[in-house]
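By written order: A, B, C and D. Residues from 1 in each chain.
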């Protein structure tokens, strides 16, 4: 993975992790309201999608765009399609 | 939020947090492969969806199903539709 | 289903149907570009989500919000959770 | 778009179109049940995703995998990332 993409994905995932901490703390309180928790979970999912986009872009540029030259297009595309299936 | 749903959601989110930690550690290695990271991010998103389902079910049973009796159906439904928009 | 929700969902789905027609016609042309088709499919999925939201809102207001009064909260919530699983 | 992908996508979208027709007919009946409609909409969304996968695979193999050789990797990847944003 390109170093730049790796660092940016790490930063985004670390932020998501801190956010997840705050949701676990929210759930410690008995009077927490369900919809507030739903919103926070959704925000973390958005952050994870953002990190996934950084990794995906790096992969497309580095590994997929050069596949024809290496001769492994079918394997690379099959692998990516499987990884994208449940994004 | 019902105590049972709160505890189960906490457990799931704590597991997702540990999983997120492992992805951040993966990204520390220069030779990490993009698609491996994509798969792990997807797995954490799945865990977050699972936690979200626990919270949503508790909310439907506790707050939405009783809305007509309280007379606040419109507010409760509007609030939930907004929260579900980007699940 | 409330008549209003039914009519609005019908209108949205009929529009989505016409849109789907246009994509099928696009695909009739040999020089159609993949990403153009991807964008159009995504637009139809958005329209379907919009129609789904209309139906979901009507269901929450009509059937879920009154479940406690009828005494069938568990069944109604279980049924909805299953339907929401892959939204 | 590769002819094979084009034909397969057309077939899938034509099936989805027929399915959409049946949902519109369902909605013509006053006693239609919301959750039945939700399930059918979800099934059509699944069919559209399937057609999208066919188009995406063809694009990855034909246009993205050869981008480095053409020298337009950045444009091709940017275009695809935008198209994937709301899959």
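Here are some notes:
Criterion: contacts are C-beta pairs under 8 Å (C-beta built on N, C-alpha and C of every residue); 3 or more make two chains touch, one makes a residue touch a chain.
Labels paired with UniProt names: A, B, C, D = Copper-sensing transcriptional repressor CsoR.
From a predicted model like this one, the values you see are computed outputs, not experimental measurements.
Legend: contact pairs of A-D compared by residue number with A-B, B-C or C-D; the interface matching in over half of them is B-C. Remark: subunit C and subunit D have CA centroids separated by 15 Å (rounded to whole angstrom). Subunit A and subunit C have CA centres that are 27 Å apart.
In terms of their C-alpha centroids, the spacing between subunit B and subunit C amounts to 22 Å.
Shown for subunit D are the residues that touch two or more other chains, namely 56, 80, 84, 87. Taken pairwise by the contact criterion, the protein chains form one closed cycle in which every chain touches exactly two others.
Taken pair by pair, the chains that touch are A-B, A-D, B-C, C-D. Contacts from subunit D toward subunit A in the complex involve residues 53, 56-57, 60-61, 64-69, 73-74, 76-77, 80-81, 84-85, 87. Against subunit A, the residues of subunit B that register as touching in their complex are 1, 3, 5-6, 9-10, 13-14, 16-17, 20-21, 23-24, 27-28, 30, 32-35, 37-39, 41-42, 44-46, 48-49, 51-52, 55-56, 58-59, 62-63, 79-80, 83-84, 86-87.
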